[in-house]
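When the chains are written out, they are named A, B, C, D, E and F in that same order, and each has its own residue count from 1.
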Amino acid sequence: MSQKITIGKLALLIASLSDEELQAFRSTLDDVAFCQGKVGSMNLQKVISAVETAAKRNRIIHDSLYRETHALYHAILEGIDGVTRGHPSIGEMSRTVGLRFSIVRGRPYKDPDEGEWIAVAFYGTIGAPVKGAEHETFGLGINHI
Amino acid sequence: MSQKITIGKLALLIASLSDEELQAFRSTLDDVAFCQGKVGSMNLQKVISAVETAAKRNRIIHDSLYRETHALYHAILEGIDGVTRGHPSIGEMSRTVGLRFSIVRGRPYKDPDEGEWIAVAFYGTIGAPVKGAEHETFGLGINHI
Amino acid sequence: MSQKITIGKLALLIASLSDEELQAFRSTLDDVAFCQGKVGSMNLQKVISAVETAAKRNRIIHDSLYRETHALYHAILEGIDGVTRGHPSIGEMSRTVGLRFSIVRGRPYKDPDEGEWIAVAFYGTIGAPVKGAEHETFGLGINHI
Amino acid sequence: MSQKITIGKLALLIASLSDEELQAFRSTLDDVAFCQGKVGSMNLQKVISAVETAAKRNRIIHDSLYRETHALYHAILEGIDGVTRGHPSIGEMSRTVGLRFSIVRGRPYKDPDEGEWIAVAFYGTIGAPVKGAEHETFGLGINHI
Amino acid sequence: MSQKITIGKLALLIASLSDEELQAFRSTLDDVAFCQGKVGSMNLQKVISAVETAAKRNRIIHDSLYRETHALYHAILEGIDGVTRGHPSIGEMSRTVGLRFSIVRGRPYKDPDEGEWIAVAFYGTIGAPVKGAEHETFGLGINHI
Amino acid sequence: MSQKITIGKLALLIASLSDEELQAFRSTLDDVAFCQGKVGSMNLQKVISAVETAAKRNRIIHDSLYRETHALYHAILEGIDGVTRGHPSIGEMSRTVGLRFSIVRGRPYKDPDEGEWIAVAFYGTIGAPVKGAEHETFGLGINHI
């Protein structure tokens, strides 16, 4: 891989590891901006909003630039493609999600002209709206920003 | 989470961590059957075959039972939904993948009647068929078996 | 076909034939568990719930096992792919469905190790939310259980 | 249902019943034009061509009118959506189909101004390119013509 | 192109040009029936209804014939595939649209037996439900009628 | 619209208008970089390559920056979603395309920090691989670059 920083791998580790497990990877997080959050919903719009809000509140993206919102939005949707595997809907398909998510922004490539990229990862459960009737799910989206 | 073993998380760690990084998680792998492999291709059929072959060669699934092939196949396709984000094709869409994959089989739930489940994870790169013109990608599929 | 019982064909006949027409096939139903029901809605979630409820009430699947719920859910979604042809949504796409459905559980394969499988079939109409502005639709999903 | 002739149901019966089983429905076929055929392939293009060729050879559609080819083509694709459940590809997704198909053309509605419609049904198996590693599949498409 | 009238191109021009810009193309509109409208919504159902209502009110399609409603509906959905690029939903995916649309009905082919066809075009913006956070979008659907 | 330059509309006009018709819009092209091309194929990969090659040869994107290739690639795919309406494949679905395409790069927004964006438009025909058995198709994709 011609990448010096694997923002996707960092995003998936932040989303899926416990704080303790993540310790071993702490030093690799120094070169990126990142944040994490949680969202549980049958409403896809709320999942998207939770990530967008976290990104803006933690200043991972520039609040008033559509350009950055656009880059993040498509990274979120690609992550949701992985979470929903096939059709990006949740409640309409009679299922619910409980997700931890992470957003990582950094410069993955050696060539500085490749600029900044953003990764969004989700890890948690998807299943019937009944406690315990669920399995794990994961999604990762990456975009230039 | 009502699961005692997170086979999805184990699959994603096996697919994405280096051998050294994976050491910290070794003990949690004792309760599952797993294998890993690599595949690089513009041909989706080869990616699917690589996982199926690895699963059979490592006796993760029973070679002659269609039931198990069927469970694995759908887990692979769900993982590929995450890798390809939107449309499960590679070469036809003028892109190529270089992937590590893992297959984990185990009993994630406390209730023994929930039986065995299988997780398939992919981690690697997707991009133009030009060296370096690629970014990370990840996919996870889970099914009862 | 290496199958001794075609659960998919039985499901489609139960969903689409009248009671009278179905008489000729009655004897073939002795070796499977099955039930049928009706649902009309612009809400996909209600269609899914109607099938899940019928399956549980008629003890086609084991109520408290997520494993069985999971198998049924994916069979339902595959049936809905046939009904909706392209995008699994109804009301959001300004259309409504009036469906009869059937669920068939049995052992289709000669080899007893292939175990039980489940088929879900839908037959009815899809169209504009205006009386008569509709055509027939059909869907079949099959999964191991 | 405000339809006097259910061309979709007729198509599904022709595609899935044996000649003997179909006898009971023979009289209902008098009011429609129909044909049937078989195709086994890992190549989706061959499946589409087999139906188009049968339709033209049996004069179900007018050979030189694009209008009729267009109506048939979309009915075929909708039937394939049911067969493939999610993504209309076969070999690329490492699976193969063995299908019987039927094409029915008629006037389903009481109002003569509703004109002619066409139904395409597929019934058979889909699975791994290994004998016996397959399950049933069905698809139905309907269009005005 | 074997078409004498490009109803698709006319539809896209009516949807995207200003009245002044459209002047140069006025004469080519003499041979078709057409109308235009506007719709802004996070609700896909409202977008579909706006086009259907305009088509009926302007007598582009015959109000009480399902055949014509069916032809228009599929042309609308194909136009929406272009607008939404990937998944035909708006609000559920946390985005909103502001669209001008046009409907053109005519005889595009030299051969009179090819009959009438209908084109639906959308042009406008899609984006976050925040003023200015949006980019252009376009969609075109065509069907025989 | 808060945009000063509608790069999407310019792209659709370049792709669909004749040279003569485009004259009236010439002055609006002064503020953007653009190119156009043609491609006819049953192979989606060739369509994608034709646009990528034209973009690089005409220096619309920077040849050696993956960042720009990535932005263009996703704009192309979104345009192809419009062209193929539903499933981005051509030959596999037994159809062929004959397309003119355009690529427009510019600064659509008043705020200079919104930077450059790229639009890709396709206009032409899609249909059976038989002369004349085709109708018009259009697609537009837009991305930040």
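We take it that contacts are C-beta pairs under 8 Å (C-beta built on N, C-alpha and C of every residue); 3 or more make two chains touch, one makes a residue touch a chain.
Predicted, not measured: the structure shown is a model, and the values here were computed from it.
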- [ ] Please flag the chain sitting at the greatest distance from chain B, going by CA centroids.
- [x] E
Open item on the list: By mean C-alpha position, what chain is farthest away from chain F?
Closed with: C
Task: Whole-Å separation of chain centres (CA-atom averages), chain C against chain F - done: 43
Task: Centroid distance [mean C-alpha coordinates] between chain F and chain D, Å - done: 35
Task: chain A-chain F separation of Cα centroids, rounded to whole Å - done: 30
Task: Centroid spacing, where centroids are CA-atom means, of chain E and chain F in whole angstrom - done: 20
Open item on the list: Using the touch definition from the top, which residues of chain A touch two or more other chains?
Closed with: 66, 70, 86-87, 89, 92, 109, 132, 134-135
Open item on the list: For a test of understanding, state which residues of chain D touch chain B in their complex under the given definition.
Closed with: 87, 89, 91-95, 127-128, 130, 132-135
Open item on the list: For a test of understanding, state which residues of chain D touch chain F in their complex under the given definition.
Closed with: 43-45, 48-49, 52, 66, 69-70, 73, 77, 87-89, 92
Open item on the list: Applying the document's contact rule, which stretches of chain A touch chain B when the two form their complex?
Closed with: 1-3, 6-9, 12-13, 16, 21, 24-25, 78, 81-82, 85-86, 108-109, 117, 119, 121, 123, 125, 131-132, 134-142
Open item on the list: Using the touch definition from the top, list the residues of chain E that touch chain D in their complex.
Closed with: 65-67, 70-71, 74, 109, 111, 113-115, 143-144
